[in-house]
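Before anything else, here's the structure in question.
The first chain written gets the first letter, and so on, giving A, B, C and D; residue counts start at 1 in each chain.
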């Protein structure tokens, strides 16, 4: 991965984050001869290549930028997308609840623009793999581009298929569904998951959660847990320390469960 | 790691989670000849060894348990501890904000009972490493035991040292401090971090945050971000879907920043 | 009302709040010859009568108490009860949303132990009135005692009746239902309310809210609003300013609507 | 008050709320010969006068409106203002915590555009009174207009004065400060309050709260309580029941305390 090695100096081909502030930044690959342009002025890539990471550079207008390597948080926050992507507050918790660690074999449906897919691909490491299902071709193509951008496309198998007919994957450690009707696919999920494996999903409405809860109980999913995460940012001014005025009130309800064997032996 | 392979059957030496419910479970290594005991009855380990993961077993009293492999979430929730450990809601978000991924070189102080250390060790993978500082010997010994339990102690270097005199680590990708006075160690943190690297901490009081914010600005840390995460659980009854009655109101304020080079080149 | 006059000195018959802390206090009427007893020691009422309000007194053990007049907040927080009472965070907002002000004619069902009834009786003033319905005699008797304690029973008409057969009240300004199935009484509520009047209720589960929303739309209730209120307390220590550790996560969903005339004129 | 009598039909001079939705409405006095205009069309006041409250009327374009009497909540939400007004979620709770009931004698500083003043004036009833301090003439004039609009200006004494020199009021039941530096006026507040009386304030930053907490302890204010209120609205669609996407994250920290006599008798 170009975005996580130990190089001290920016090289041609590296993915760079040019940041004017915590929320205002640009991520792009460095290419000799090209020019970064923004309303704060222009900077030639050749003036960035060879510079140490973490350095401050000025545009021709004199506007300051920091030259940084982007991290996962910055990458998914700027993912090109056609749909609502998942939020880091939810993704981080999902990682732990679904035990997604280096070596994990993870199934995801639907891929969308690949926001979560990027994180899954990073965390399963070289020894793990992600199987990501998506019916809409344009979404899948976008997701592929986003994965290629961070050099992780070899950790993901993209599959165009209606999961109603089943996943061809078996013995997965975890399955995450980002679809409006996960309750329609519980048998398919069970067949994909190893026994004792983790299932998770994110649903915007209580009606969807209710329907899912009813169906989980009927399909030998146990230890069902429903929660929501609220994230509140603060103004980082020490003399006026207070929460910001407005916040995201809702992304969705997280539902987690474990797939077990039916009955008792 | 015994707790994340693809074996279908429980073997001697595996770490097992014997679960009566989402919140009531026990984690222990399976050893032939030993007996699991709880107020819901006893089960011989030999009656578990060889069983498929995800199976339901009954104690001699007839109380049902599921035999599961524990995941990271379950492991850190049952970590033996002498102090307050960090919560999964915060840890998951920290992973993303500090870009802790397979291959990362991470510095942590203080270790405490090793709750966060276990997660860091799991996520840096075989190619990464964690350097964990702790002055109190009994805490460090406890953390070592907790890491050994999950077979990840080789990914962690435990160090007994006052970090006031500096970390001997350099070029770290990320530094996390779980200490009451992170503002006293900012120079040391800068020397440990690679340029552009991530710093994070969790602080219970606004007074600590204020002091840190003042000092971060003076030490070339930029893009400072302060937030808090609230997690609300729901009763998973579809006919009476509602939040649970009480919740954790506060664990701490999360502060993130990036270390950059001073001035402009 | 003995609890809101302008007297400076405590008199026999006054309701007194003897407070050791913000959360530890006792409310009782002052009676010559009687003795207040707690595990912090005893105080003769005669040692309180004639003292100025706001004074500190010591028990025979030397434990300090403040002698205060109780306010509505303190009164409802110590209401004798058999059931869950409503929380001040919700009650205060209901007052504004249902426009309960001096002179209002308010209908309430069910009374319960009269926690909300006390507040309604206080706020409708001498010119207003509260009609409170409750089927359970023991609850109604308890509510009557609680209203008598604060000298406001003449502002409340307590009615023992199944509201399925209708309220005999008409032209009410506001109707509040504290019952699990408000959706069963919408016609009765409409008949009790004046045209344009306010309806409100508090429901613990999303299932109840869903059912109510469907039925409100069918019964010419408009401008339906659903919300929930979260209250977070802080430790009032200036050097360690932070939220308290735990909080009430949920009391209920508040639903408000206005009753209008059907169709168009 | 024209806005809380029991008349069934709208009369000339009444304050009317013409509402297209829960959040889209207009409040104005009915005057024969005048015309209501909005982008949804026009309606002659003479077509409203004489109509029953709660009726639906159509603009000349055919857009439907409901003709309603405005309540306190709707009135303060549409108060003409130059500054940030207080939110109903906070005001309702303040009413209970400061025991503001019919008959109360309340001191407020600063008046601002009179949002809170309107609520206080309504709730103290005919037997109570509000003393409201404001140094800026234009704000005070605006507040007077807002109070006159709802016919409650006779319950409020507006005072132009720097409260640093003291309130001329004594024996007040409650004092509320909506000023950035309440800690500078604690002696003045004590002199205005009756012994045992209630003090409250709303402060945006933790720094202000810290300073206030230190000073309250030095001035014989006891039972100090700090809290914040979060209000979350839901989409009122029964088939897609969920919180709205965004919410107000912060208005301020509420601080309450009671003024007591110094020392022990």
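Please note the rule applied: a contact is a pair of C-beta atoms (placed from the backbone, for glycine too) under 8 Å apart; a residue touches a chain by one contact, two chains touch by 3 or more.
Not measured: the values here are computed from a predicted model.
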Joint neighbours (chain A and chain B) are C, D
More contacting C-beta pairs: B-D or B-C? The answer is B-C
Whole-angstrom distance, CA centroid of chain B to CA centroid of chain C, is 45
Cα centroid separation, chain B vs chain D, in Å, comes to 47
Here the gap between chain C and chain D, centre to centre from mean Cα coordinates and rounded to Å, is 21
Residues in chain D with touches to at least two other chains are numbered 206-207, 210, 232-233, 241
Touching chain B in the complex, chain D uses residues 206-207, 210
Listed in rising order, chain D residues that touch chain C in their complex are 1, 4, 6, 8, 19, 21-22, 51-58, 64, 66-69, 71-73, 76, 88-89, 91-99, 101-105, 119, 122-123, 125-127, 171, 173, 194-198, 206, 209-211, 213-214, 222-238, 241, 253, 258-261, 263-265
Listed in rising order, the residues of chain D that touch chain A in the complex are 204-207, 232-233, 239-250
